[in-house]
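Before anything else, here's the structure in question.
Labels run A, B, C, D, E and F following the written order; every chain starts at residue 1.
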Amino acid sequence: MRVKTIVPVTTERFIEPTKQEAERYASKRTEIDVEALNYGTASIESAYDELLCAPDILRIVQEAESNEFDGIFIDCMGDPALDASRELVKIPVVGPARTSILFAADLAEKFSIVTILENVLRVERNLAKLAGVSDKLASVRSVDIPVLELEERKKLMNALVEESVKALEEDNAQAIILGCTGMMEVAKDLQDSLTERGFEVPVINPVAVAIKHLESLISLNLSQSKRAYMHPPEKERNLFEKLPGE
Amino acid sequence: MRVKTIVPVTTERFIEPTKQEAERYASKRTEIDVEALNYGTASIESAYDELLCAPDILRIVQEAESNEFDGIFIDCMGDPALDASRELVKIPVVGPARTSILFAADLAEKFSIVTILENVLRVERNLAKLAGVSDKLASVRSVDIPVLELEERKKLMNALVEESVKALEEDNAQAIILGCTGMMEVAKDLQDSLTERGFEVPVINPVAVAIKHLESLISLNLSQSKRAYMHPPEKERNLFEKLPGE
Amino acid sequence: MRVKTIVPVTTERFIEPTKQEAERYASKRTEIDVEALNYGTASIESAYDELLCAPDILRIVQEAESNEFDGIFIDCMGDPALDASRELVKIPVVGPARTSILFAADLAEKFSIVTILENVLRVERNLAKLAGVSDKLASVRSVDIPVLELEERKKLMNALVEESVKALEEDNAQAIILGCTGMMEVAKDLQDSLTERGFEVPVINPVAVAIKHLESLISLNLSQSKRAYMHPPEKERNLFEKLPGE
Amino acid sequence: MRVKTIVPVTTERFIEPTKQEAERYASKRTEIDVEALNYGTASIESAYDELLCAPDILRIVQEAESNEFDGIFIDCMGDPALDASRELVKIPVVGPARTSILFAADLAEKFSIVTILENVLRVERNLAKLAGVSDKLASVRSVDIPVLELEERKKLMNALVEESVKALEEDNAQAIILGCTGMMEVAKDLQDSLTERGFEVPVINPVAVAIKHLESLISLNLSQSKRAYMHPPEKERNLFEKLPGE
Amino acid sequence: MRVKTIVPVTTERFIEPTKQEAERYASKRTEIDVEALNYGTASIESAYDELLCAPDILRIVQEAESNEFDGIFIDCMGDPALDASRELVKIPVVGPARTSILFAADLAEKFSIVTILENVLRVERNLAKLAGVSDKLASVRSVDIPVLELEERKKLMNALVEESVKALEEDNAQAIILGCTGMMEVAKDLQDSLTERGFEVPVINPVAVAIKHLESLISLNLSQSKRAYMHPPEKERNLFEKLPGE
Amino acid sequence: MRVKTIVPVTTERFIEPTKQEAERYASKRTEIDVEALNYGTASIESAYDELLCAPDILRIVQEAESNEFDGIFIDCMGDPALDASRELVKIPVVGPARTSILFAADLAEKFSIVTILENVLRVERNLAKLAGVSDKLASVRSVDIPVLELEERKKLMNALVEESVKALEEDNAQAIILGCTGMMEVAKDLQDSLTERGFEVPVINPVAVAIKHLESLISLNLSQSKRAYMHPPEKERNLFEKLPGE
């Protein structure tokens, strides 16, 4: 099967590691095609960023269906443009936030999301509300590190462990969701650190669960309900034509 | 006070009637400035449309604050770009859906929204969830008339009365919210029709309540909490510069 | 428009400052008539007090409609006799608690109420439940100062700042509602104190929002739904006739 | 044990049948003292009526504790003055609505209340919300018969059966609560009628469950939490002294 | 009336004190028959234990109805096999967890359960969810003492007081439910200790309330709804025949 | 990977078709081992049946971990013994109800479960409550066909289509979950029938999603949180030793 993975920002250096991360979890026979945006923002750390990135995400979504991809993964924990993408196409579109939240709701009674900046706490809480499981959300905590500095791995790990332990001890979480898909390659180390400290809890890597969940949907021929996500009516739309080709 | 009213679509013929509608309800001393989009869609009937209109809404929002407007009204029942706009500026930004929902939650135990097309039922339900009062939402019903045909007033009135009566009788609603800001000048007639049929219930005109609510916020020096809607961090963003000037 | 403001206690010295407070926020053309009770309690600090004040509130409500007032504001954060008043008359009746809660639900995801005594925590929580937005209520906290000592302004301000900061830091509130309408003239100072401490959050003065909201309802010809608040059936009622005239 | 039963209206002809009804369900050793109001309304069919009856209910409540009653039962499905009564005294005070709702929540997943008039639907729904189990409330339905005509037993039975069957079939209720304590001596017949129609569901008589529940509380030395229902602070209160003695 | 009390574990030394505890609270005329299991576990401290005990509980339930008992009390705060028992028989079956939760929901706005081990926190939280009142559950706390060591009374009392005070002060509980029916004879002492510390809150003994509630149901001829708990269809079942007689 | 699939009833003729159904959806490299019970009931159509089957399910679960299976699938829509199994072992255990509910919560706003008999409506509703998404459950409907007659395929299909259409039209569902794992090989036909009738909605086959979800968990090294599902403490347990070997 062929999966279009959208890195929904303009930062091209994320493409290669995202491809590696996605392929690490995908089935061997899954072809992972990764594409970043021409128009948008360097990272997503607000609803504002999400909206500036949305038009180019939607362009790629539409092209992916035309180019006969089997499914689409929008690789950002804000699930930017997820609902609109699901309206636009019939092939399944998954977001890592919604998928992680539902996996966590299966594996635990209460879970926490440990994300980047305070700016996106509202965004994550709203995604849990719309997923329908906000009663199971113990907390959203932030490590206070911007997306573009997540590569400083040691600083990230220390902050992740600290906030995860607070989530488990103070907020009664029983599972941890990594709150940014840019937190790559840290899930296993965080899991190990928590285990060392006596916490036997799942650490959910949103890229990993989204890829596997999308593969499940594709192989079962399942997709978003078109009664929930109806196709947009025809009309005049002029944004795309005003954006210059590359 | 000076209020920027954004008609968040590219259909310029809505500007004048919107200005009249807003001025009908605004205080005499309120200056209403109405602006439509350069880029976007002719109407909003899906999450997809909302996202294509969002960048130009955000441009106007930012300019409005620079130009010392006192508040902003985004005139569409999808409340497009509302959260992002609230992040971007300090002056209050109101959406008609959220405002109508909270007015209805005050005046009744249960209310219904009667909107345009089935396509946007999900959108309205999600707005009620995020406003926090979905327990009071009796139903969202649609008249099955696209935005650009709402001017056929008789057809609209018949459909509005029919769906409102169903909402009141079958769904136990006690108040009706008009589900599209393009349903102009019909609130009073709908109220009268319902009264004739024995239903003494408020019919909420979203333009009217949003304008009054915004005036209240401005005059009380109240605005969205910046702890809920933090200002987006600085970073490279390239969408606006790629959009041609007019 | 003419607004009847009911000071729903027997303490006449509240009448003048209430009039000033209400007029500060009302439109110039709004006539504010303030009236206190003949029968009831000196202040309201329990459900018991609310009930002892209710009959005389209802008398004034009924007279206000007969005397062609356009709307009624019951000036106490317990919203005493609000539902019964709404049954009794067709003109809009607003309570400051319900109004403040809905304003806060618009401007923030989570808000706290900082009230007078522990005795009324239950009352405020129940009002949030019945408003329908208890998911957004971060906490109700008390300054532990009785109504009749609220005039000791410095003590009040210190306690308000302390409890508000706890609400913001410990309970994750993003907006503060003053929990007693006797906390007059402190909203701005509290807002300034919080801003100095780095909290850019709205402080909601219940008198102010209730007056503006009532003006909005009156000017839009909106009132409580009579399907939610039906008129009481005719029957023998003997309380009023047993209460002596003045 | 000695139980004060308050018929919280001024209709004295209810005293005797209420005493019989309460004694039918009470333990032999329980002394049932029934008292109606001097001041108030002939029946309770609105929040307005509840408030006009509240002061005299509270007078009796206070006297009952002074006179060493062991518990108090306020015999009306609006649970009028229940919270205030619980503030006022240490002996347990029970309301039939809250008790019936909790019994029904034990015996079924979903239950309906079949009450007198549409006017009180809001009241009953709010009581379920405050009891905390509104998710289990399938519906509140009314037989459209005023309290003072409930003695027309055949008409009442027909209407009760009709609305109960609708509750069971259309609203998926699995238990029925009689929605007015004036519906005396009909529970068993309704139960039999429903059984004949194939519905093996509990019919909850609010007087019966309230009396038994109160006896349970008294015998276990349990009462309302004084952290939930704190004693009202001392202050000037002048309503009672203005009401003439008999 | 005759009540079958099931000690749903194989530890026979619990039979006599359970009988004493139940008789202490039951009416004089109630005959209490206590029976422990032949097959199962020595105590219940997990869902696993509940399931291993369930078959023999169900055997006793069925026999109790055949032997014309009037009601059944399953004496364990996990309410093991409660739903299945209610399917199986027409006589009322009560569980102490569900009963305590509903009593607490009557007497307070918020309550906590103080139980034995962390292992059963999930179980108690789920019981509150299914009772329908999880909004009123302030917390579930554990004393970290296994069931079979609860007889060390001093250690138990110290731990109970400590956790109850935390529940009241930190979690805002207003009532305490003893979280294990093996915590016998401590309710009064805990209540006294809390009162000494200034907390006037009900301490709910689950055995006591379950016995009284069951007596109420029996005397009112009320039982679980058979539309909620339908009788299991006939079919081949071979577990019981494989279990050896004693 | 090696997956133990438990057919949690004693009906051996289900083993072969279950193996075929599971293998149809599993990855080629997944080894599916199917085992039915020695002790229990011929089918599961009540909580009573679930409990009679639980001990033998738990025996197989424990053996599966000892025998180095990588994960366990309990193949029944009541998710019998799921929580206890998760306590007992560290390898992931999945139930088809919980998995289907979370898949549906991803793909739609509202979904319905179409199950076998009215007897299990309560069971399915409770599973949705405990999964945390009961707000998204539009309805549970039954085809009124016992498990052991599900092989009459035409009758089943007609009933499934009829109830699914009602769920979509009357209950506003947007996705359908097959409510019994014995409804094998019908998902695709039901999907086609609904598509023909104009309903473009996902039909979720619980066996299929559970197998894929379990494969995802295993391949990502994820399992149930041991803070949610703690291992049962050691103690005397005598049920297994009393059950005869084969």
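We adopt the following convention: contacts are C-beta pairs under 8 Å (C-beta built on N, C-alpha and C of every residue); 3 or more make two chains touch, one makes a residue touch a chain.
Predicted model, so just to flag it, every value in this text is computed and none were measured.
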item: Turn needed to bring subunit C onto subunit D - CA fit, degrees, nearest 5; value: 180
item: Type of subunit E:subunit F copy interface by residue overlap (half), same or different; value: same
item: Gap in Å, rounded to a whole number, between the CA centres of subunit E and subunit B; value: 52
item: Intercentroid distance (Cα basis), subunit C paired with subunit A, Å; value: 44
item: Subunit D and subunit E, separation of their C-alpha mean positions in angstrom; value: 28
item: Shared-contact residues (touching 2 or more other chains) in subunit F; value: 109, 122, 135, 228
item: Contact footprint of subunit A on subunit B as seen in their complex; value: 10, 38-43, 45-56, 58, 81, 83-84, 87-88, 117-119, 122, 126, 129-130, 146, 148, 228-230, 232-233, 235-240, 242-244
item: For the subunit D and subunit E complex, residues of the former touching the latter; value: 25, 27, 94, 98-99, 102-103, 105-110, 131-133, 135-136, 168, 174-175, 199-202, 204-205, 208-209, 212-213, 215-217, 219-220, 222-228
